[in-house]
Amino acid sequence: MTQAPVQQLDQIFVMLKHWLVGYVPAAAQPVVSSLLSVVAILALFPALFAFTTVLERKGLGRMQNRYGPNRVGPFGLLQPLADGIKSLTKEDVVPRTADKAVHFMAPLLLVAASFLAYAVLPVGRNMAAVNLDAGVLYFFAVGAVAELAVFMAGWSSHNKYSLLGAMRAIAQMISYEVPLILSSLAVIMAAGSLSTVEIAGRQAGYSGIWPHWYVLTPWGLAGFLLFMIAATAETNRSPFDLPEGESEIIAGYYTEYSGFKFALFFLGEYLGMFAISGLGITLFLGGWSAPFSFLTWIPSWIWFFAKLLALIAVFIWMRGTLPRLRMDQLMNFAWKFMLPMALLVMVSAGVWRFLPHGVLRWIVCFVMIAVPYVLLGRGLLQGKKIGKRTYRFAE
Amino acid sequence: MSAMVTRVVLEEEESARGVEGELLEISMGPHHPSTHGVFRMDVRLDGERVTRLKPVFGYLHRNHEKIAEKASYLAAIPYTDRLDYLCSMTNNWGYALAVEKLAGIPVPERAEYIRVITAELTRLQNHASLIGFLLQDMGASGTPLMYAFREREKILDLFESLTGARMMCNYMRFGGVRVDCSSEWLEAAQNIASSFPQFLDEYEQLLTGNEILMARTQGVGALSAELAVNAGITGPMLRASGVNYDLRKVDRYGIYDRFTFRVPLGDHGDVYDRYMIRLLEMRESVKILEQALAAIPEGPIIDPKTRLRGLRPKAGEAYGRIEGPKGELGFFLISDGSTNPYRYKVRPPSMINLTVLEDMCLGRNVADVVVILGSVDIVMGEVDR
Amino acid sequence: MLGEGIVKGLAETARNFLGSFVDEERLTTVEYPEERLPQAEAARNFPFLIYDGDDAEKGLRCVACQICEKECPPRCIHIEKSKDKKPDYVGKQQFYPAVFDIDVSVCMSCQICVEVCPFEAIRMDTQFELSTDDRFGGLLWTKAELAKTNEYYHSIHPTEAGETDARLDEEKAKVAAKAKPAEAEMQAKA
Amino acid sequence: MTQAISVEEIKAAMEAAVPGCRAEILRNESPSAQHSLLIDHEHAVNVAAFLRDDMALRLDFCSCVSGVDWPDREITEKVKVKKTVTTPEGEAQEQDVEETRKTMIPGFLEAVYHLFSIEKKHGPVVLRMRTVNRGGDARLPSLTPVWRSAEFQEREAFDLYGIVFEGHPDLRRILMWEGFADYPMRKDYVPPAEDDVEAVAK
């Protein structure tokens, strides 16, 4: 009976929704139910965006031995508010030669598309807005709209830098979508479902204290890493932030955006990052399930957001450390490393499925991934003779 | 010469290829995040490949030379601070050296030691920040730059406590230096010299082995030794191309013959070599600092017979040069016997190192251009004068 | 192996991230208006004129020799000599500056004026929070704004001020020593 | 470093290698004792190529190229001249009259090249060239084909002094903007008044 309050806490939002929906006539209930979900998503994730901007700036600051923003509000937490006011009061500059309609539409489309992806994300037990049978497919489909939005922005700005940025973005996003989808295919194979709710549910069991997360298998770990690398590229985050490349092409496709439209681009980008991290969590990190069986009393939605924040922290950490790749290297990496690795992960997931439980399948799967990794890594570096050098000295 | 030939060949190739579609003409700069100030490159792109690049500068031109010709020998010193505003100490020294040659002024021993110490500290902070800027151009969101600035801050504090200013030191005079340094100051300098290698280790840990950095820099912007010499490239850039030419060894100006240090040389002449040469040079500079701080004698700091105000060197001319952090910094002075130089000419290493920018960038893409430019190490205050 | 350097780099930033919470050496930022670093004693910003005693008009050491005006590299000093004379610190009759203006928006804080001044009359201030929106009213400093007491000088550059005072005292003593026999003679004659 | 080879030797070697070249040694009386060689226009490029390629000299590094302006100088001297003066009485009479005579020394522009050897580690060898006058005939042969390092510095001398380097691959203004009319480093340059915005932003 001790479980009851815990379960209640876990399902508090679900119950809240049911309670609210109960007040409307039965005919309107589906509509109201979806509306409530939509409102929750629209309120929650932008708030998370605001929080993340502070977190990012403070985290980066600490990595660079600075404080980061700490003047507005306690610990600088109200900084996004100030930023928002600033971007709202800024002049909205539209280039005279720009295609005004498309220029206006692009940020809206980006944000809208980013929001759509949240429909299938289970942020807690029974907490997905829609349980689509082809949830993962739907996710990637609406994710691809972001590419269109980015290209619209780059093209309509009528700026050479923007155009270069848009070209880079298209090439990069399309290339990295392949390993992204391939690496998630392994999970789909293992789970036997395209539904995100189903996949998350599959991972909610435990052997001893260990959960049944896909990341805790050799192919799952490799797949997760590949997925996250591809996700970084998909969301144009450092070290794959070439489309923005402020030191090369000056913010790329959004060079010509200012004020609130610029803020919308930012919002869209971060929403994309959350969504894709959320998908990564759902596919590999067990979604909303607790990492140890004895921690299941903590509500599922807390676990989901804890994992999300952890992934965001990793994104920030990478941004604070790594320089940017070059376009051709980015492409090389996608097609000569990511793609074969993702295929191998898929094969390895199949092998894992059909080998009997035991040490053997661990070894086989590990070798299947580790050996090509070393070889491909070598090929990538040695092919261009890249490595540390020794230097001579004159007295 | 050979580079000019390649340039012509490339242009012919371009026309022969019958390019489909348009070439993109981009004006990179003068307001561009990685042009290190107001510098412009007129770039012609085929896709993202550079087919032509013309550097355009002069936006910061203030006719430094004319100003100095109208001012007295003393009054030109604060203006030299503002040439390469990261290394005012070495700029001062270059000018002081030229005047000393022109007027035959001796420099006391202690002053020479202080000059070496301040110049090597300048080299440390310049190279550290340059690497930070280079990584910034590569998109490393400022982290290496911030680490470099953390260390640079200590050196600038040291400069401030000695000279009163952090960057515009206005410290050296012909015949010596302006104020003496205390024993506490030397101790603080010693602390920096002993803690700097640790910072360099951290810096290398963060950067040197990084695959992305290696991929971005190795084989990029390669410069042959032959072209480097012919185009008058100096400093770390020349040595990265494998030419052993360090004025501290060649001219042995000041008292550099008293210190043992090595000159690192690269073999490829690409951006990675330039980056590594600077790192290695910093380690050698620390060695010089340690030796100079251990051996500094007591004594006067300025030649007592020299008149600072109203110096009138005999009619004649002199060319003095030193190994600045960016390359050979030369000052050419002609005196007509009056109190101000008849001709005052700066040989700015930043500007002359830009001569080969186009040769290094042709056939590479936009992302490489900013990295190559970053590795040249320019400061617009010096390029434009 | 691929990724080795990247992991090393990540470790380094993580070390700095954590280090910035515990290590003073790593978090060097100072939160400026509230927290201030102590200024170096040698710090310099813009020149000021020293006067002895309480009266800025009377005690101004400057004798309007105009050397600083001539030597100033950016020519930001403007001096007009007085018609009459007044006694200086040793009692000698000297001119004084009727007008002494420094345009601090032109001044480049090089300290050449201090070096060339033979009368120890001009020194560098350390005041740096001088922002104003008034170009000429706020940044063209007249004699009245430039004049500061010797005590103020002592408070910002104690060592340097001590040396200067010692030098001046010596000079005064010399003059006094010269004057004494003369006085004695006068008395004897009387 | 100290000059390993004296200017006299260089001059002799030069004249031997490039027949017909005229070189003049200009002494430098200052303590630096950096004497220079004034060379003629016609053979300048050949001389430069010789200096660069000669195995003994190997002046492969042209460090510094400076323009120098030497404006027209007027020398005023007083001379006593005998003159026939007509007195009020109408008599012609020979008298000593003091007269000031002005002699014009025509000015010229000069390009100074400081050469070093990276291979042999000696230098500087100072090379000079002078234009015929400061007006329309301010032309010099460009040494950029020999030392590429002169490229920007010759452009600078052209920009600031108006020395036209013939044979320079890309002789444009470098620090001032295209369309600027004057040569600001010349001694007789008069800057436009500070408030004359139009002249400045021309």
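Annotations for the structure displayed:
The first chain written gets the first letter, and so on, giving A, B, C and D; residue counts start at 1 in each chain.
Note that in this section contacts are C-beta pairs under 8 Å (C-beta built on N, C-alpha and C of every residue); 3 or more make two chains touch, one makes a residue touch a chain.
Not measured: the values here are computed from a predicted model.
When every chain is represented by the mean of its C-alpha atoms, the one lying closest to the mean of all protein C-alpha atoms is B.
By count of C-beta pairs in contact, A-B exceeds the other of the chain pairs A-B and A-C. With centres taken as mean Cα positions, chain B sits 43 Å from chain A.
Centre-to-centre spacing of chain A and chain C amounts to 58 Å, using the average Cα coordinate of each chain.
Chain D has its Cα centroid 29 Å from the Cα centroid of chain B. Centres computed as Cα averages put chain B at a distance of 32 Å from chain C.
Within chain D, no positions touching two or more other chains are listed. For chain B, the set of residues touching two or more other chains reads 143, 147, 150, 206, 208-214. Contact with two or more other chains is made by residues 63-66, 320-322, 381 of chain A. Pairs of chains that satisfy the touch definition comprise A-B, A-C, B-C, B-D. Per the touch definition, chain A reaches chain B in the complex via residues 60, 63-66, 160-161, 164, 238-239, 241-242, 245-250, 319-329, 381, 384-389, 391-395.
Interface residues of chain A, counted against chain C in their complex, comprise 59, 62-67, 70, 317-318, 320-322, 337, 373-374, 376-378, 380-381.
By the touch rule above, chain C contacts chain A in their complex via residues 1-3, 6, 9-10, 12-14, 16-17, 19-21, 26-29, 31.
Looking at the complex, you find that chain B touches chain D at residues 1, 3-4, 57-58, 61, 63, 65-66, 101-104, 227, 229-234, 243, 245, 250-252, 313-321, 328, 330, 332, 334-335, 343, 345, 347, 351-352, 354-356, 384-385. Residues of chain D touching chain B in their complex: 1, 28-32, 34, 36, 60-64, 66, 68, 112, 114, 118, 121, 124, 126, 145, 147-153, 160, 169, 173-177, 184-185, 189.
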